[in-house]
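Notes follow the structure.
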Amino acid sequence: MRKLMSNRLAVPAFLALLVVGLAFVMPSNFYFRVAALVWISALAVIGLNLLMGFAGQVSLGHAGFFGLGAYSVAILPAQFGLHPVIALIAGGAGCALLAFVVGRPILRLKGHYLAVATLGFGILVSMVISNEAWLTGGPDGMPVPRLALFGWRARGADTWYWITGGLMVIGALLAVNLVASPTGRALRALHDSEVAARVVGVDVGCYKLIVFVISAVYASVAGSALALVNGFITPDAAGFLHSIQLVTMVVLGGMGSILGSVVGAAVLVVLPQALTVFHDYEHLMLGFMMMAFMILLRSGIVPSLSMLIGGRRA
Amino acid sequence: MSVLQVEEIGIAFGGVKAVDHVSFRVNEGDVFSIIGPNGAGKTTLFNLVSGVYQPKYGKVLLEGADVTGLEPQTLARRGLSRTFQNLQVFFRMTARENVMVGRHLKEKRGLLAHILALPATARQNRESAAAADAYLERVGLGGYADTPAAAMPYGALKRLEIARALAAGPKVLLLDEPAAGCNAVETEEIEKLVRNIADEGTTVVLVEHDMKMVMRISDRVHVLEFGKTLAEGTAEEVRTHPKVIEAYLGTHGSKEAAVALG
Amino acid sequence: MAEFLQFCASGLTVGAVYALVALGFTIIYNASDVVNFAQGEFVMIGGMTTVFATAAGVPLPIAVLIAILAAMVIGLLLHRLAIEPARGASPVTLIIITIGASIFLRGLAQIVFDKQFHSLPAFSGDTPINIGGALVLPQSFWVLGGAVVIVIALWAFFNRTVTGKAVLATAANRLAARLVGINTSFVIGLSFVLSAAIGAIAGILVTPITLTSYDIGTLLALKGFAAAMLGGMGNPIGAIVGGLLVGLLEAFGAGYISSTYKDAMAFIVILGVLFVMPGGLLGRASVERV
């Protein structure tokens, strides 16, 4: 058992089983839809966790990349007739390029300066999306063309459940691969001590940039997936509040825990769905939950649980 | 030719000359110690030599080549590594992983191969792990390989830093107070280790407060006071140097000093 | 020239509000290392409470007092119920808590008050004063004057009173402050109450010009944070300079470049400044100690 737990592939394998297993107990399309939303958020959160939990660099603006990914599958097919899958890849590549360009100066900053710079970046992206209505439909959002592959049209919540679940498992697999590689060790090392990493030859700036770019691509792909699932997208996807939700999911699930990323995403996606009955009290409840979770579970759900069980690994 | 040469180096913080026109040469395979009272500028000097600080003036030459102002990671590639006075351990990683990071420059670094966990990456991980285990064994931490660094005792962490620095395969190794806070037994072990490292050809530059250890293992000793060079010579020459005794104990204590340092 | 002065006047007025928000950030940050993203909500509470109290027939001066007191109580509760229990948590966790508090307070305002925009009558009428061709609302002088009074009062508090000096001591070194017998928990609570009062006053003064609603806090907090960082986090002078600068940039940006991206100015500038000066305009370059 312990050996199984400590295997690098245990977490992605468990997540794959979870995706398959849950499909058998889903009572209705509504549940498939909510689960698909969980997988999408989880994908973005896994990427952000690589940046925050493993490399120790905060980003309060990751929804910016999420939004760009979402709008690329809306705009590129509408304006240039690109296939949605190509648009998704183009969005990911575009976000990688953007992260590469802005990441270099941003990642030189530390602590609250890094926080405000990433926050500013995210807000600028969401402002451009809201203001350039000729391209994006402005604050009202814009429709997203349906995904069709070789004449087969992706529709129905269960179809998207499988597609997004698959993307999430692949994302988790690539993330655990990265963490266990020389690159992953360099990232974890610079989290604990930048100067110690540098004196054994780790190019700290370069590695921060690498993980920033990777996490941007995760967010972009997740954003594209959300746009395709919903068939509609608004600037909220790129907004400050969404950035904060992503960060909260990372911390709530557990910094540096891939499984925690999925748990954090699940809690913060499912609970508000359950709370929609309280309509007018939605903000009140969301704010209260964020405070309560952070006060009571400050080291994150998965690390807290694994400490409780007595295992060392999360 | 000296493997490490420092020429007239200096830096000031807010008007205070922390290191002021200091020069020295270190011969290959030597243990070269830098001593001085607290606040003499020893650690600052290390930070200048290892690229953590940029010197205001002066030069650092590594194997004859000017490396002044190069970043620490570039210096690591050129063969200079170091440890820290205040522990700079990767606490979230195991002892083995800490040392594996030390192998960083020797590792194949293909991002795509890493993300896809290609067989080459698995092979690389095994190689690095084996190398790390050997270094842990060498500093006497063989039993700690799988222990998270956060759970290791202080004395072991001091040696873990040495193992990590050694794993980078340096020609010159800077050790900043490796025995600070260690008990007598641990200090003796570290002394043996340092001697052993030098005997195998790695030049060691040492900052240390334990005078007995310094006097026993150093080939040459350089004394700093208020950022300036006070004296340099063999252990014997420095020990009997009147200025050194004065710096350590004041003029009145020189008699007692002779006893204490002897 | 008249146009230039006009932009200056409106920029300084809005900038004074940003400066007060940034000052609130700085006071709390110095005392506790917490970046309080609920700072903008104090501004909202100040404005909204005054609006609803006067609408209920309470005379303006008393309504103002009620609003300031309400904000102070909420500031104290925020510290006691959300910040104090999370003592020792990581900076990111604390940021999430204060953002949670900001969302919570917004949700509360939406229920206690409503979702409409509200205004207050200007304190000294609406007849603009002509200064070199620029028309300046009398309320602008209230805002600027209020900001000046607050800054002077704070200066006196920190430099002339024992309590104020205790706050400064806590900011300089929390452990040492505790060792010399300062109740640091009290000091941190005080910094929240103080910041809440400053925010509320700013909100009351500016409501006749910019209107208020339950959700104005977020953008104010973000801009105030940017302003505080622009000046150099933890530096009160920097906070005031940063706030005024952001206000002026917005006014001139909207006037001469594009009003669509008025709200973006603060963030464009802070990114630009941080790329060149990673410690902010008045920040000190830090030396890594190893």
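A few comments on the model shown:
Going by the order they are written in, the chains are A, B and C; count residues from 1 in each one.
Please note the rule applied: contacts are C-beta pairs under 8 Å (C-beta built on N, C-alpha and C of every residue); 3 or more make two chains touch, one makes a residue touch a chain.
If you want to know which protein each chain is, UniProt gives these names: A, C = Branched-chain amino acid ABC transporter permease; B = ATP-binding cassette domain-containing protein.
From a predicted model like this one, the values you see are computed outputs, not experimental measurements.
Among the remaining chains, B is positioned farthest from chain A, on the basis of C-alpha centroids. Remark: the per-chain Cα centre closest to the mean position of all protein Cα atoms belongs to A. Chain geometry summary: the mean Cα position of chain A and that of chain B are 42 Å apart.
If you average the CA atoms of chain B and of chain C, the two centres end up 48 Å from each other.
Computed from the mean C-alpha positions, the centre of chain A lies at a distance of 32 Å from the centre of chain C. Among the residues of chain B, those touching two or more other chains are numbered 52, 84, 88.
Looking at chain C, one finds that residues 288, 290 touch two or more other chains.
Those residues of chain A in touch with two or more other chains are numbered 195.
On the side of chain C, the complex with chain A involves touching residues 35, 82, 85-86, 89-97, 99-108, 110-111, 218, 222, 225-226, 229, 233, 260-261, 263-264, 266-268, 270-271, 274-275, 278-280, 288, 290. By the touch criterion stated above, chain B contacts chain A in their complex at residues 50, 52, 71-73, 75-77, 81-82, 84, 88-93, 97-98, 100-102, 104-105, 107-109, 111, 113-117, 121, 124-125, 128, 148, 161, 164-165, 167-168. Considering their complex, residues 8, 174, 177-178, 180-186, 188-189, 191-193, 195-204, 210, 214, 256, 312 of chain A touch chain B. Taken in their complex, chain A has these residues touching chain C: 52, 58, 60, 105-106, 108-113, 115-117, 119-121, 123-124, 127, 131, 195, 240-241, 244, 247-248, 251, 280-291, 294-295, 298.
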